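Scrolling down, you'll hit the structures one after another.
Same chain, two partners: chain A is paired with chain B first, then with chain C.
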Partner chain A sequence: MTEKKQKINLSITNPKVFEVVKMVISILIALAITLVILFMISDNPVRAIVTILTGPLTKRRYIGSVIESFIPYAFSGLAAGVLFKSGAFNLGGEGIFIISGVSIAAVACNQLTTSGVLHPILCFLAAIVTGGILMIIPSFLKAKFGTNEMVVSLMLNSIYSGVAMFIIRKFLLTTTTSTIGSRDYFKTAKIGYIFEPLRISPCLILLIITTIVMYLIMFKSRLGYQIRLAGTNPKFAEYSGISAFKLSIVTAVIAGILCGMGASCQLLTQTSFYLPEQSLVGIGFSGMLLSMLGRNNPIGIVVAAFLIKYLEQGTSILYFVDRAVPSEIVAIVEGIVILLISSQYFLRGFREKKLLKEGLEKDAK
Partner chain B sequence: MQSSLFSLSFLVTVVRLATPILFAAIASFIAASTGIVNIAIESIMTFGALAGILGSYLTQNAWAGMLIGLVVGICTALLIALFSMRLGASPILIGIALNTFADSLAIFVLYQLAGEKGTSASLPTPTLGVLNIPVIKDIPILGQLLSGHYILTYVCWIVLILLFILIYKTPLGMRMRACGLNANAARTAGINVERLQVFSLVLSGLFAALGGMYLSLNYLRIFSKSMVAGQGWMGIAANGIASGNYGVLLLSAVIFAAFRAVSIIFSSSTVFPVDLVSAIPYFAVFCFVTIASVINYYRIKSGKVEEQ
Partner chain C sequence: MGETILKLDKVTKVYPNGTVANRDINMEFEKGEIHSIVGENGAGKSTLMKMIFGIESPSSGTITYKGEEVHFASSLDAIKAGIGMVHQHFMLIPSFSVVDNIILGDEPKNGIFLDRREAVRKTQEVSDRYNFELDVTEKVSALSVAKKQKVEILKTLYRDAELIILDEPTSVLTPQETEKLFEQLRSFKKQGHTILFISHKLEEVKQISDRISVIRNGVSKGTYRNDELTMEQLTNLIIGRDLESDIDRYKTHEDFHNEKAAVIEDLCLERNGKPVLDHVSLAVKKGEILGIAGVEGNGQLDLVRCITGLEKTKYEGKIMICDTDTSGMNIKGRRDLGMAYIPEDRMGDGIAGPLPISDNMISTYYTRDDINTKLFMDNRAIDRISNELIDTFAVKTESNKTSVDSLSGGNIQKVVVAREYNTRPKFMIAEQPTHGIDIGSAEFVHHKLIELRNSGVGILLVSADLNEVMDLSDRIIVMFDGQIAGYFKNARNVTDQELGMFMLGASHQTPEEIGGALND
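Up next is the complex of A and B:
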């Protein structure tokens, strides 16, 4: 017991530190490229970058908008994260968001209950059940028959958006305006704010709880271990007695539930009606990028979602003063960071040199 | 209604709609032949379509625009090769990332040049026209089927033939297929697998860019956002169904195009709900891919074919 407690290794040779360093360098490279682009397109690039980075903090309403709008994206990212972590490339999140929106609208547009607490919960349940069931289809086909889940899930996305439009037009169409969307919800279905100025709603609490639960599932539970094992080495997982079939169904259900939650948060706080062609479009796909940004770690994903929404808010503030910079620039930053951090060998040579040097020093002692 | 489904003009529509899907299908096929999974076809089509239009606008020459589009397609393919083969990123993740932010990037570039986010309609762009083949165009039915199509449709047909010769009739093609079947065996036989894989990815990018440019420079004559609309994925689906069979590949691509044509015809009538009609081609692809995999599953199970 004379041995000293081992000092925490803070040099780059520690894989976790390396991961962080890599992330920071990737972000810096992306920002540098963005700066170059800004210098090319904007008359006042310094103001542009300052506005993007600090703009959302200047007004309470801006940061409130970030807090409100990042929630569904975070849920979508969590869903994609579970699927990717298990090695499933089920890209069905987009369609699940859109089709579970229909369930939400169906429940919210009917006065099923007069309770302002029960009604949103019923909407959530409807969305979760829809999402959980429909997300299974691509994963089931992949696990059972070896179908190309990417193609199948993308085709289902297009099918679902057609079906969503059909159902809305047939059963829930609004009569007050000419847009194709659902009627206004009953007031009881809307989720109010807990803290109005920062637009903090119960959804934020739900997101925090869900993130913690997902973290615990992924890293502290048997199921999470199986999911991670199946993702890194499916053959080994199979041989150690993990049923790949069961696992892929379970992950799909979890992902579907998360998508349903995200859709509910988006539809019950931010709008009072459902427009299938606008309200939820793009959230499912963004979730996949967020999951890559967060390295499939639930906490990383939620942080990434917040940062991306923050940058988007910054660019939309900038757009008022500088029309040359569209909000799509955030996607460029996002794309560069994703490409760099998903590259295993990026900066690896640097780390290996360091490891070698340390090893030699140890030998010398 | 009935007549339009079984008329000559329906077949002509199928020929028109088949071109981009065929390009996407061979783009997926050539990459898969050396064992590379290229799922970024959708995004390369978008980039190619945009670069073709912008190149044509900047040079005021449609052919120069096409050249620029091809260069962009090749560069995107090389980018995928760089990240997946040199930097060790998963090609599937790279593909998903590219596909997801392709539209945003296209909108960004378009906005800088055209000042609009949706389409390139405000840019005066020379585009490629149609080709009337002198003698054949006067033959009654065959003339309509074979003549008067867009130029890139003919390019597509030529490429289809050349690709068949390359893959099945040349030593190079045999080596490429060897890489796809068993990369280690190919390496042992002295084949430079990585070089052939990069070559096939470059060809894949080239074909996908041509498919995109067919849409922008030739068929619609403008670039509009999300104009590719899943056609790249239909090509990937066709390749999945074909599992290495060139004839099945082309046939599935044409069948998908036929379903798109059906959907277009149905959507002009008021009998069917328009929202469901628009989903017909995607539903068809879904069914075909699923059925093909189920059949394959039972064939493997009954021991008729070896699992790869």
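Up next is the complex of A and C:
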């Protein structure tokens, strides 16, 4: 028995190995296609690709920018990962980010405390409570009225951005410029750096801790077990005595809290006032893509977030060197990788041929 | 006879999960014969039929139909070529009439409109030509199982099928209905149709076939004329060894006498205004197996859903598990009282396919202390327990981390039974526990059920397989139309013919006799 356990199948027929191989090949293909495009539009394609891949490492400022900007995306990805893993197609992260931004602004624009430690914490709490409560709505409506959570969550995204605009305009509107945005935050609300040259803030530490906690929840805890069960076969989870309703509420709350944390990190480090149509737009949706890239695994998601932000930084550096290459080229890389790894058929024929051979060999005994 | 209509040459099928379902199958089918294909469940009969009918395509090898090599892209091509298939599970729309079901996809048209009169005329004509005795304007939902099967067969004949594949057609029929079906098949043969008859019931195969092909482990073991094979030789070909003696029956332990594991009183359930359970009362004693026989769809499913707490519609009546009233309890609460449940829909309810065996082995007791530490789950204990269960239940797998859906049906069922066994139940519901699995695994599951019974567990066995019910049960109930139609105190003193009469609704006992199900 013990010998049997030790035997690890490293061939492509092992689904886990297959996943990794598929991921690596997808990235290589995406880079190859990028290179082809660079050959068409750039006079110096080799310099271009080298800049994209190594540019962010050339200056501390560049890598610092990657470190700072990937944090909210990682939180967003973690939130989407929990939801998808539990089988909920809740696309509400985008709206939750925007509406928690309002809560953060409301706390940050009022001098509730003079403590530079307490003020950001209050902002976080406001965002977490907002996110955690509002994320429940699609799951609750699904469980109680059988509505489709995807439709509801997308609808709520629009509603929340409208509500955000309304609240900012009505209660927090800036008087200094004509844009629709909040007043400046009080200085005490802002989060400073621990190590300024690399722009390392307490947010990074929070992200690392959160990632570890999420990993433990997903793979070691009873809650994670329930999420895996319900996400792969909800009927089986019900049969086993797991309450689908309770589980959907708990996962939604967790996802909402993660979104609230992400929004706080973004606003309190990188902005000094809140623009509801700008400051947090797009982070929620990107999180869903990151969750796909990271295969709903917390660590995979955070790594994916870092890599994507790294590539984005690389292309924007390239733009200074080579004006012919638009920074949107990173979207091509992203798109191809996601398309390939989410494709059921990509490399499947190859794997099946292997399986056929192995199956026949085993069968022949 | 003698003209070859269908020829399989070295047909091989490998599924994406690596299972070799068929390997180098060579077979020939002659026009106008009844040709049976036999083999254990999981031997590869169904896959072979799916390839002939265009649902699956062979990984290698060729299929020749009427002298031409064919590559059916879908069953549509097969139907056009003149092949019809009656599936084990009916492919009918219950809310449509017989006519609508039959013409669906091949409607007679009048300009751009459906020519209903022509449709009814043509369908009735085909039905009458083959003596189906069907009113084609009736709704399918109002028909009996046997009649539904007739509709399925009629569907193939309406499309001029020359070759008709019948996949386990008798598994849903009573002995009497089977007899009628066979008469009909013989008349088809006279009219020039070729019948491919799939079954694992050997008596029936011997009774109806001209020739018999045997498949074992995905490999063809040859084609034989019916009269040159004895029953023993056939059995031997199918399982590769002589069949062992029947399940050894132990005596019921007296210790458990009359202690009740579960009591159901006056259970009534309505669905869409129609009663599906009508005052059902029964008791399962500790240390016994109470078998429920009946044609599928006579309330067995609803009964189980009510007892397990999975039924969402409110029922009337009382369900007690281990002397506790379960009203208002969900499945979790009932499981906590000591209920275990082997579900009929193994893939749908019984497992989470892509997850490893270890995860699937603990789902019904994952909160138990022995596999948890304070904060987290104890993965080492889970590994230990799942490996122990894999050993005791002889699950064929490389490791406990293999995803459960890559196992064969029999091994998946062993995983389900092992898990339910390890919940340490006092009351177990076994719903079609050996449906669609190989003989070896089935035997194993039967032994485990008996072992549980002898240790004092009360088991409610629901099965469409009469032999299984008769072999395993101590007492037997027959359900018909949502009611208990018959009750037999001693399972050993009853014949399948007798049970068949009750399953068809031709016999019905008095309330006093049926009362024994609760009071004995």
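The definition used in the following text is that the second predicted complex is superposed on the first by the 333 of 365 C-alpha atoms of A that agree within 3 Å, B and C clash if a C-alpha of one lies under 4 Å from a C-alpha of the other, contacts with A are read in each partner's own complex, and residues count from 1 in each chain.
Following the convention adopted for this analysis, contacts are C-beta pairs under 8 Å (C-beta built on N, C-alpha and C of every residue); 3 or more make two chains touch, one makes a residue touch a chain.
Values in this document were obtained by computation on a predicted structure and should not be read as measured data.
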Of chain B and chain C, the partner touching more residues of chain A is B
- Query: Given the touch rule stated above, what does A:L154 touch, chain B (first), chain C (second), both, or neither?
  - Reply: first
Q: For A:N233, decide between first (touching chain B), second (touching chain C), both and neither.
A: second
After superposition on chain A, the chain A residues reached by both chain B and chain C are 348
Seen from chain A, its contact residues with chain B in the complex are 41, 84, 89, 91, 141, 144-148, 150-152, 154-156, 158-159, 161-163, 165-166, 169-170, 285-286, 288-289, 292, 324, 326, 328-329, 331-332, 334-335, 338-339, 342-346, 348
Listed in rising order, the residues of chain B that touch chain A in the complex are 39, 83, 86-90, 92-94, 96-98, 100-101, 104-105, 107-108, 111-112, 117, 230, 233, 236-237, 240, 273, 275-276, 278-279, 282-283, 285-286, 289-290, 293-294, 296-297
Interface with chain C, chain A side, in the complex: residues 1, 4-5, 7, 9, 13, 15, 216, 220-222, 225, 228-229, 232-233, 235-243, 348, 351-352, 355-356, 358-360, 362-363
Counting only contacts in the complex, chain C reaches chain A at residues 14, 16-20, 23, 59, 218, 310, 330-332, 335, 341, 343, 348-355, 359, 363-364, 366-367, 372, 375-377, 379, 383, 387, 391, 398-400, 403
